[in-house]
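Letters A, B, C and D name the chains as they come in the text, with residue numbers starting at 1 for each one.
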Amino acid sequence: MKVVVNLKAYPCDPVEVATAAREVSDASGVDIAVAPQAAHLERVAETGVETWAQHVGPVEHGSHTGSTLAEAAAEAGATGTLLNHSERRLKLADIDGALDAAERADLETCVCANNPDQIGAVAALGPDAVAVEPPELIGTGTPVSKADPDVVTDAVEAAEAVDDSVAVYCGAGISTGEDLTSARELGAEGVLLASGVAKADDPKAALEDLVAPL
Amino acid sequence: MKVVVNLKAYPCDPVEVATAAREVSDASGVDIAVAPQAAHLERVAETGVETWAQHVGPVEHGSHTGSTLAEAAAEAGATGTLLNHSERRLKLADIDGALDAAERADLETCVCANNPDQIGAVAALGPDAVAVEPPELIGTGTPVSKADPDVVTDAVEAAEAVDDSVAVYCGAGISTGEDLTSARELGAEGVLLASGVAKADDPKAALEDLVAPL
Amino acid sequence: MKVVVNLKAYPCDPVEVATAAREVSDASGVDIAVAPQAAHLERVAETGVETWAQHVGPVEHGSHTGSTLAEAAAEAGATGTLLNHSERRLKLADIDGALDAAERADLETCVCANNPDQIGAVAALGPDAVAVEPPELIGTGTPVSKADPDVVTDAVEAAEAVDDSVAVYCGAGISTGEDLTSARELGAEGVLLASGVAKADDPKAALEDLVAPL
Amino acid sequence: MKVVVNLKAYPCDPVEVATAAREVSDASGVDIAVAPQAAHLERVAETGVETWAQHVGPVEHGSHTGSTLAEAAAEAGATGTLLNHSERRLKLADIDGALDAAERADLETCVCANNPDQIGAVAALGPDAVAVEPPELIGTGTPVSKADPDVVTDAVEAAEAVDDSVAVYCGAGISTGEDLTSARELGAEGVLLASGVAKADDPKAALEDLVAPL
């Protein structure tokens, strides 16, 4: 299982969460990546944790003021990126372009989508992984694996039907080890989570609890 | 073969083109639809031609000022709609939402995309048809079926691999009967064209030439 | 006072509201315009009511699939347009471009904005009118003239400081004659309203009540 | 005069340009800021140069995946930000929101605009500076101060008419000391430049040439 912790624009200390994630990853052997704001990529990468961007743009080197260039993210230490998060939805052609940009910069990719149909669609673009996140569950603390397990199994099926080399992650409402176990049982190979760790009083304890069943 | 004539925001007379299209369609038996500006839907539909919207939004009835409501397009006479044209690219989630809206309003759908990967992606969302239009060929007069025939056959394969009930149309640079024939030979079940008819001195003659080989 | 009734994407009958508006306008001498979906412009204009678009794009004739061309709106009967409604916010450069387009097509313009600073900003672009609509009051039934009268007087001041030929309209929560009177007393020369008329059981009675104090 | 060097998504070494800018600024006493990609803010700030973001979003701390949070930019070392560059145009309401965000994070602000009308509009939102950049001159090497000097004087007048505390910068095509002198003579208090320095073989020499007349 892969765990990606999305720090969004939360007021947490990104270095504290990153350090916790590295320690828990080292101790447990579970892959844990942390996705901070672009401006925090460098300090997060310096903790030694696997570092992801929250977004990269569909652009190459050139006149693109205010973009997030995949190469710049990589130079700051990112080795992966989320794309098309429900808080940063992209045009279809730009998901395709951003995947090209990520590949150029050697970034692992996970494209988010709202439902199994859209999971099939993004799987057709050849990312490393897709994450199913019903928008109505994001930030609720109710895991999609419990609220609507069929969404996860349908997403796994939709991705497999299109390209069975694409991993399916499960987002929205994941926070405990039990959530992670259910997600795995439904066929997910990873989880995306945010507030459950980033807003926890003790992010390290939250991560330890999360990976305990693995 | 289905022919969709996209009037874009061209300075042509939409009623003249629509009347020509209806006459050529009646005489030849070929399905020809005309897609005018939303504000022209009603006058185009009154000619009796098959009328399409150029776009509908991913919205339901409600507080959506300045949107293009699928139901309003249908009430004005539209029976189909283009979506995600390269001049009106949509977020992936909005293509999905607009397809739902179109289905609610009984509109036939054709989703445009730039390349075979994106064709596979939009086919996964269940439209009636997809149209492959390499942006670099739009408006050039060089048909994609000649400039890059592999794009068409790859698009047909990509759509079939995902959902073989989805028809593939061929856009970009189509203007003559020969272009239409090549498109059909490459597996396309329809063509999307614009300037070749809408900017022709004699739109009716242009359409007659187009459908002559059928 | 000018009254603009925005039909948004409401499930109302646009012709019924337009007919009511024309009758009340004729009987009262108050300018009442109706702004329907683009696809409904033609049937609304045929009632003889003053007809506005809800939006026009910053485009000229050309390759702009899915746009709302000012000329097409005018050909369908529009003589004015809203711009930058909070449900259809535009980039600053596009407000500027859409104002150029509206002028080219002889459309009267009213640019919406959220607060007095933004009212000053859009006034600098030279529209005929600006409308202040605090987003948090839209659709609430609580008129901005009552909930936050300073917003209206500050908006009037902000517009005057930049260009005193720009009229200020008052939007958000207006539904009764009393609301309209307060708006006028605060310096507004028009009102923008939507659900108060479009969702009324009897749109004509609602409009009669609205203009009664004038 | 203030000089802001926008590194866009250019393939230059941001630390090399930043170091050159700091050295030339120290030697000449001219304020020179460098605006890199968000992911490069930290390494640029570490050179001691005045560091600007190319963009910040209209958001506060919270659920905004893939945004550029003003506070994160500030934590990485930014003390200023560009906004609404022609390559990253913003909705009017979002310029307003991003200015609030920048103020909250103590970032100096310079809002770009295309023409004098838009300069007046953005001046009404209360930024520290505005920059006039006719899009057709960006990247041409032809300075706006030479190609169209009236645009600069009209922009200065438009800003002054709205708020005379707002400085006007001059962008588009600036690369030499002569360009900078003409800009100052036309009333500009700063210049925005990009390729002239970022793509120079010797960025330090380019900057020395630029500030020589001051």
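Here is the rule we use: a residue touches a chain if its C-beta (ideal position, glycine included) is under 8 Å from a C-beta of that chain, and two chains touch if they have at least 3 such contacts.
Which chain is which protein? Per UniProt: A, B, C, D = Triosephosphate isomerase.
Small disclaimer: the values here were computed from a predicted structure and weren't measured.
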The chain whose C-alpha centroid lies farthest from that of chain D is chain B
Chain C to chain D, mean C-alpha position gap in Å, rounds to 36
Per the C-alpha means, the centres of chain A and chain D lie apart by a whole-Å value of 33
Taking each chain's mean CA coordinate, chain A and chain C are separated, in whole Å, by 43
Residues of chain D that touch at least two other chains are 86
Among line, ring, star, complete and other, the chain contact graph is ring
Touching chain B in the complex, chain C uses residues 6, 8-11, 36-43, 53-55, 59-69, 71-73, 75-76, 78, 82, 85-88, 138-139, 194-195
Contacts from chain C onto chain D in the complex sit at residues 84, 86, 89-96, 113-115, 117-118, 120-126, 158, 161-162
